[in-house]
Structure formats: C-alpha cells, structure tokens
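First chain A sits with chain B, and in the next complex the same chain sits with chain C.
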Partner chain A sequence: MYGWGKRNAAGALSLARGRGGRVKGMPWRKYAVIYRLVLLENLQYAANIVVGFFSYAVFIYTFIMLWEYMYRTPGELIAGYTKEQMIWYVMMTEMIWFGSGAASVAREVSTDIRGGNIAYLMNKPYHYTLYVLAKYTGEWSVRLPMYAMLAAGIGTLMVGPLPGFPLTAVPGMAVCVVLGLTINAVFKMCISLFSFWIEDAAPFQWLYDKLLLIVGTMFPVEIFPKALQPLFKLTPIYTVFYGPAKLIVDFSPEKCVEILAAQAVYLAAGCGLMFLIYGKGVKKLYVNGG
Partner chain B sequence: MLTAVKNQMRVCLLSIKYNVMREMVNKVTFLTNVGFMVLNNASFLVQWMILFRLRGEVGGYTFREIMLLWGLVAASFGLSHILFARVFSLPDLIINGKLDAYLVQPKNVLVGVITSSTDVSAIGDFLYGIAIAAICGPGVGGFILFLLFTVTGAVVFTAFALLLGSLSFWFVRMDMLQNQMVMGIVSFGTYPDGIFKGVSRFLLYFIIPVGMAVWYPVHVIVRFDAEMFFTVAGYAALLSAMSVAVFYRGLRRYASGNLMVARM
Partner chain C sequence: MQAIQVENLSKTFRVKRKEKGMRGSVKAIFHPQTEEIRAVNGVSFSVPEGEILAFIGPNGAGKSTTIKMLTGILYPDGGRVEVLGVDPTKQRRQLAYQIGTVFGQKEQLWTHLTPHDNFRFFGAIYDLTERETEVRIDELSERFALKDFIDIPVRNLSLGQRIRCEMVVALIHKPKVLFLDEPTIGLDPVVKENVRELVKQMNREEHTTIFLTSHDVGDIEKLCRRIIIVNDGRIVMDDSVEHLKSHYPHKQAADIVEQDRGNEAAGSGDISDASLEDIIVEIYKSQGEE
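Presenting the complex of A and B:
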C-alpha cells in the first residue's frame, strides 16, 4: 500500500512542479497532492476499514457493560458524569483512538529509518515529516468519518442519544478532533524519530500510548484525584482526547476556545520539537548502501 | 515413535533457543523491549485502582482476583508468543506462499512453522504474569495451578490462532480476523466475567474462548473445583486437536508461491 502511494506521490509531484524543478504557487501544494493521492487510495480500500470495526465494538461493548455495572442507581453521578455521558465520553475517545490509527505514523517512520528508506525520501522536494503527516491525514480522512458513524450508531442504539447535544457546535468539535489527532501524530512521530539513535523506539511508543489510553480514553480527567488533574491537563491527554471528547459530551463555547488555544500551543511546540529532532537525527544517519 | 517425538522436541527447543539468542544480539533493544512491556502491562494497575476506588468489588471480583486475571492473561499470551509466535502470522505464510521452506524439512511441518519465531516483548508479558501471581499470593497450590493454567491458556491462545489462521487456506483476509479475535481474548479476558450477561456471556465462554482460557482458571485458583479444572483441560485438548486437523486439511489445498526464501 505504501509503496504504491510513494511511487504515485513522486509522479504527481513532478507534475505539480514547474520548469527547473521548483514548485509553482503555494509551497503547501505538494503536500495537498500527496494528501489527495493517499485519500483516493484509501477510498479504494474503505472496505478493509470495516474489518477493524470488530475491535472497536469489543472495546465499546466491554466499557458499556463495565459502566452499566458501576452505575447502580438511575441518575447517579460519577466524577460529575451521568452514565450516558460517561459511556459517550469513552465512545468518543475510542472513536478518535481507532479512527486516527496513529500507529501507522509511528510504524512508517520507524521502518523508514531502520530500513534505510529515509535516505531515499529525505532527498525528495518535500520535508520528510510533513510528507508523512500529509499521508497520515489522507488515511484518517477516510477512516475517522467511518468510525464516527459507527460510534454514533452504536451509541444511539445501546445508550440512547446524548442529552443536550448541540448540532450547531459540530464544526467546533470537528476542528478540535482534527487538531487533537494531528498533535498525537506529531508526538508519535517525535518518538519514532528517536530510531535515529536507538534501534527500536517501539517500547517508548507503548508507554506513550498507555498513558493516553488509560488516563485519556478510558476515564475523564475528573475521575482522578484532584491533585493530579492539573498535571494531566499539561500533558497531550488534554489536547488529544480529553478536550475533544469533553466538548462532545458537555459542550460550552468557553471550553471550546480554551481547548483550541491549548491545542494551538501544543501543535506549535510539537512541530518545533519534531523539526528539531529530525534535523539532528538526519545528521546521525549512516547509509550502508545496498 | 518415541525417538521421533524426542527428536522433534529437541528441534523445537533448539529453534526457540536460537530465536531468543538471535533477538539477544542487541542486548539494549532486547532488555528495553522486555522491561517496557512489563511497565506497559503494569500501567493498567492505574485503571483498576480507579475503578476499585469507586466500588469495593467489580463484577464480583476483588482487586486481588482482578490482578490474577491480568496475570493469567499476560502469562498465557506471553508463553504462546515466546514458543509459537509464528502461528499469529500464519495467514501471511499461507497467502504469500511462504510455507515451502517448511514443507521440505524432514520434520513435522506444523511444529516447524509455529516454533520458527519468538516475540521478544512477550518475555515481558510472561514475566509480568508470573510476578503478579507471586505477589497476589494464591498460596503454593494456587501458584502451581496458576502455572498449569498458564500452559492451558497458552495452548488455547495458540490453538485458536491456528484454527483461524488455517482458514487462510480457503479464505483471504483471515489475518485481520485472526488478529482481532485473538486480541478479543485479551480485551475481554482482562475484565471480570460478572459484568457480562446473557448471550454475550455464552459467546465469550464458547465461541471466543475467553472463559476457558482465563475466567474458569481464575475461579479454580480462587476456589478449587475439579469439574472446572477438567473442563478447561479437556477444552484445551479438544481445541488443539481440531485446529491441527483443520491445518492439515487446509495444507492439502496449499499452492506454492514460487517464492525464493532464505531462512537464516
């Protein structure tokens, strides 16, 4: 799949270039071409995504059963959430988790560095990290809406509609979700870029994923001891999962602005870190030929 | 007959030994993989601490019993991925015609295939499971039962993966189904059976074998029940026999991929 994308992306880039190899118009156009190609490719294989629904359904079913058990009386509140809100919160965070498929970014970067393919890709007329991000955006653009529809279907069927859900706020929520999963991809890429120094960065990915999974997706931050909550709000958990999911289950315009501001700061810092690590990493690169 | 079995066992053990030695060439990566997998599993303690802060019991389980559940899943999953890791990528071998290299060896094909790789991080899973069992203190008898059920659990994991993977001889895309069903055992198995009801409970005991791999064994460790014990052992044996039969039935349909592969 990736090989096809790369060859076609390279071909399309040559079309996007003018005479003398310079890209005409906005510099972002080449990334838009990569995005469009990967999007079209993923649309061809959309049926494959459906197979992945099983894992999502397993997770969600387990959590519905768990929270059904934990809430014993109707109208009970746990950490300020009703049963419906708690289940919808988990469904939304898991929808972002499964729909984003951020593991593909980590896998691709690690494989490129460990396998030496990076030597070929870094000489192309694009920045490698932005190339990976453009491809990743093309991937989730197909997958995430499918998972969103599945989550909405399961949620409405098994838990009932989310009370007080404002349809007018959907664009704001969508922006938060998109920024959240881009921040996640940037941080996962930063970890994978450590493969320039260590052979296998996967163990660090496990820990990062578990931090997000346990603290960010399974429970809302409010369920943790009060002393820890401010600390969690400084981590990517707040901008990647908690913020977007909180907006969906309990929307307020002030909260939306606060989360968007935090995401902007996080994205800027994450990208800065990513460019820094990549810049230092490529200087460490040894090409053994072959 | 006995000599052939002994020879086969020797080859298997050597294969596993060399798999591990190959992975240990880079010691830092090896230790990082194992150590971080232990930490990775331990991070789920946070989840259960939170849940037990809300209720004194979850699904009829105490915190100690939940830890036994986690320990058994980790140890069984770990053992099957240490000894038989290749069974989890069997569909890839079948679909891409990579079985040829095993067919020409003068040893049992199935055993040769499934013992041909080791997942290093699974050592971390296995060690975590054993450590949890030791800490949770089910007593000497309980610990011996835990070790026995780790073996039956690993057999169930492996046989279930073999059964689904062997379906690749007939159907495409079984790799995704195999992966999701096996991970389904892990996902469901790390939660108490008391939270599941009705049809789902039946499915989790008899279709996705979570009950036989994890829940029944933990019940037996907590309170010994001979009937449950033999049910688990019998189920593991039956599932193994069935999966082996399906593999060899499917192998008759195998067509070589005309692929040149060097096994080193």
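Presenting the complex of A and C:
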C-alpha cells in the first residue's frame, strides 16, 4: 500500500524489482546501447566528415611551411624538438582537435538546458551526463579514426615516418588519446552545465577552447617560458593534448604510464565536478510549462 | 491505495523583466529586474491506483509544471509529493522505471531509427532483457496495430503512427503510472478515438494509473471519471465528470450557450461533448473574473 512515509514497504520493493525481471548488475548496458545507436547513425554520414579534411589539410600545410622556415639547418632543435618531431606533434594535436569535434558536446548540453529539452531526457532511468557522453563517444568513434588515417597519410608523405617510433606504442597512445578526448568532453560539459545558472555559457567555452587551441595544439608546452610550463601542465592541456602528442615524438613506457595516471586523476576529478555541478544545477532547472 | 499523493505543493519561478529598446537592455545589465511567478500554489490531491484522472486548466495554469514535479524533473519549493510511495525529487531515476510519459508536443523517439529499433533501445534503457523486450514489443505492436510500419524509419511515419509508437515507448516497461500530456494534440478524429481506446484498454488490462492533461474535452469525457481543474496555480475544482455535468450551477447558462449555437451543435448529434466544454469554459471564465 502506498502512502506518506510508506515507501520502505511496498513502494521500495516494487521499485527495486520492477514489474518484469530486469537486468541486474549491468548498469552500463544502456550506455553501450546509446553508444552503438549513435555510432551506427554517424556511420551513415561518414562521407560528411571528409568535407572537414580540407580545413585540417590547410592547417597542417601552413604549419609545415612555418616550421620548414623556422628550422634553417638540418638537425636543429627548437625547445628540444627536431623539425620532424615538431610537425608530427602538431599533426597529432590537430588530429585530436579536429577528430574530437568536442564543440558538439558543449552545444548539446547548453541547448538542452536553455531550450528545456533536458526535462524530457531527465525522466528516463539514466544519468543525463553519461547519456551525453555515450552519444559523444559514438560521434568521435567514427570521426577520429578517419582523421588519424588522414594525419598518418599526410605526415608520411610530407615529413616521412618518425625515426625511432615503435609501432608497439600505438595501443598505449590510443588509450591516452581516448582518455584525453573524454576528459576534454567532461570539462566542456562542466562549463555547459553552468547554463543552469547563467543565460549563456558560450563565452566560457570560447575562453577554454582558445586556451587549449593556442597553448595545447599549435605548439608544445616546452616552447613557452619555463615559468609558465608547470602551470600549463596542471591544466587539461597536459592530459588532453600535450600528453598524448608527446608520446608520438618521445615514447617510453614510463612516460605513457605517467600520462595515464595523470589522466585517471583528471578524469576522476572532472567526473566528480560534473556530477556535482549537475546535481546542484538540476535543482535550479526552470522549464516552461505547456 | 494511492498511486499519487500531493500535499500543499508549490513552485515559484523567477523570470527576468527587461524594458524595451537598447536603453532597457543596458539597464538590465546593471540593474537586472526579476519577477516571481507562482506557477503552482498550494495544490493538494491524491490519485488512487488504476484511476484515469483529467488534470486540466487554461494555458499557464500550472498543469505541466505539476506533471514535471510529479515526475521529478522540477523540484518543488514547498509541499510534499509521493508517487508510488517515493519522493520523485529524491529517487527520480528509480521512479522512472515505474512511470511512463507521453508529451504530445515533444517526441522522444529517435527519428532515424525504425519503431522496432526504438522499442529495443528503450527496452535496454529500462533494463529489460532482450527477450523481455521482444515479447513486450510483440504484445504492444499487436495491440497498437503497428505491424505495417514497425520497420519504417520514424521520420517517414504520420503523426498518428508516431503517437502510437510514443505510447508503446511509454509502456514498454509496464509502468504503473502513465503521464499523458496532451497526447491527442494535432491528431485527426479517427486517430484520436483510436488512441483513447488504447489508453482505456491499457488502464483496464494492466490497471495502469493514468494522469492526463488535455485541452480536448473529448479526451476527458471519453476517458476520465474524475476531473481536476487548475487555474492560476490552484485547484478550482475536483469532481467527477458525471457530477460536474449534472450539478454544476452554470449548467443552465452553458445550455443557453449551447442553444445559441443553434443547429450546428444539434446537427453534430453530440450535445454531451459541447455541454462539458461549455461548463469548462464557464469555469475558466469565472475564475478569470475573480
């Protein structure tokens, strides 16, 4: 019998068991299903991604020309990087930037909150933030490998393979890239979740993106003044761009483990922050009636 | 046994006010002005298990805000809510397993997927096993006559077909309470009738409690025995439809209005529909004058 304060009796029991026998111990299954559906949807539109290749190619060509000019003598080092390492570094970071398409995750959350669509997503038995993350993972799972192939192709043709890069490093690097993308998405979601309080979180997204783009993707951290470098390593730049890209130019198992450990800490902290902001913000939700 | 219990429920929204023109925009930056709007003001009612309740009122009366508080989407400012013995704000996700929602003005189906794939997706979201989902799909597609279009992408379906699919999504996990927010909006009379029959059938066969908001008097008259009318965030009437039709003091006035319509209403051969509509309009008007 339902009634005030009687939820621990029949109410709680029925909530736990449901009417039909439910899958227990597989809380991630629903997110895997969301991921699969979005992946299949994005595979249908894979041809559209090719259009973005042009921007990436122009960007990379410009940087190759820039570094060709900067490195006047063969074997010269700038901030500890050879010309080939510098170009591969930029190609890697830009591949992550273009392949992640993280703007979509920020846009989706902001639009859901400001437009009230979140109300219709919240009343399902999943966590809204994980729902968005699962969708986003389905998006980049198609885009990122395509950009990775493009980057490998352009790099090999225009710069040549990196001397001393072991192919056995690829799995470790891939894990670092995936974790980096996820960390970036989590932080972008945290910013978008401020839409619960402020009218538009876009200016904060812009600042975050520009910080990552300029400091994280165009140049390695070592280019910047020594005093600033420890500061940059505390920002998501280290775990999202610098760490994974550094592995391509200077791979070692120790460095890979160090980056993975930093990413684990960042991901745990980022997710904690995301759940906290969402939990607080959802109480502030204002949705127009019908 | 009460499926829903609401006591002194209140919700206030704070909305921004801005004077017109550029001057108003600049002034709003330095001296933002806000206004409090009481969307729901001390509402109390209960709904026994298995009842079909009409919860109606003019636009902006607080109907959808109440539904959103009952489903845990919005947090009340005051009062208490229990749905199936639990507080929706504290156990929203657990409650989601036991309730279903259909918002006539908001699609929850994934339009690029077929209805069948959508049902499988929502089955996974509600933690049903694949076998359970398939059994339920067979059962509901039979009942809702979906066989002819269950494998056609949702984007290619008519509005009537989509609403039937929305109903199946809302019922896939055998909810104990179904919230229907204007489920027949935009449908032609034949499809409306069909949807009403299906709702009645679900209520009869699965003993589902149904909480209905609609501006269509036909929905109320053909589905509900009890009606709650809200206006300006307050309950202005809580009565049985039969009692309302036979004892409402304005009935005579409503009858006059009906007679004034002349042959048009009489010719339709459905005087009872017009009568309830006139009574409801009278109640809305009398509340507006107070």
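We adopt the following convention: the second predicted complex is superposed on the first by the 264 of 290 C-alpha atoms of A that agree within 3 Å, B and C clash if a C-alpha of one lies under 4 Å from a C-alpha of the other, contacts with A are read in each partner's own complex, and residues count from 1 in each chain.
Methods note: contacts are C-beta pairs under 8 Å (C-beta built on N, C-alpha and C of every residue); 3 or more make two chains touch, one makes a residue touch a chain.
Everything numeric here is computed off the predicted structure, so don't read it as measured data.
**Student:** If you count the residues of chain A that each partner touches, which comes out higher, chain B or chain C?
**Tutor:** Tallying touched residues of chain A, the top partner is C.
**Student:** Just to be sure I read the superposition right, which of the two partners does A:52 touch: chain B = first, chain C = second, or both, or neither?
**Tutor:** The answer is first: A:52 touches chain B but not chain C.
**Student:** Which of the two partners, first being chain B and second being chain C, lies in contact with A:223: first, second, both, or neither?
**Tutor:** Only chain B; A:223 stays clear of chain C.
**Student:** Once the shared chain is lined up, is A:66 touching chain B (first), chain C (second), both, or neither of them?
**Tutor:** In the superposition, A:66 touches chain B alone.
**Student:** Would you check which partner chain A:76 touches, where first means chain B only, second means chain C only, and both and neither mean what they say?
**Tutor:** Neither: A:76 stays clear of chain B and chain C.
**Student:** Residues on chain A in contact with chain B in one complex and with chain C in the other?
**Tutor:** none
**Student:** Which residues, counting only chain A, touch chain C once they are in their complex?
**Tutor:** Touching chain C: residues 1-4, 6-7, 9-12, 14-16, 18-24, 26, 29-30, 33-34, 37, 41, 44, 117, 119-120, 122-127, 282-283, 285-290 of chain A.
**Student:** Provide the residue numbers of chain C that touch chain A in the complex, in ascending order.
**Tutor:** Touch list, chain C to chain A: 1-3, 5, 7, 13-14, 39, 49, 59-60, 62-65, 68, 71-75, 80, 82, 84-87, 91-99, 101, 103, 105-106, 108, 110, 112-113, 117, 121, 124-129, 132, 136, 173-174, 176, 181-182, 213.
**Student:** Please name which positions on chain A make contact with chain B in the complex.
**Tutor:** Where chain A meets chain B, its residues are 48, 51-52, 54-55, 58-59, 61-62, 65-66, 68-70, 78, 198-200, 202-204, 206-207, 210-211, 214-215, 218-219, 223-224.
**Student:** If you look only at chain B, which of its residues touch chain A in the complex?
**Tutor:** It is residues 26, 28-29, 32-33, 35-37, 39-40, 43-44, 46-47, 50-51, 54-55, 58-59, 121, 173, 176-177, 180-181, 183-184, 187-188, 191, 194-197, 200 of chain B that touch chain A.
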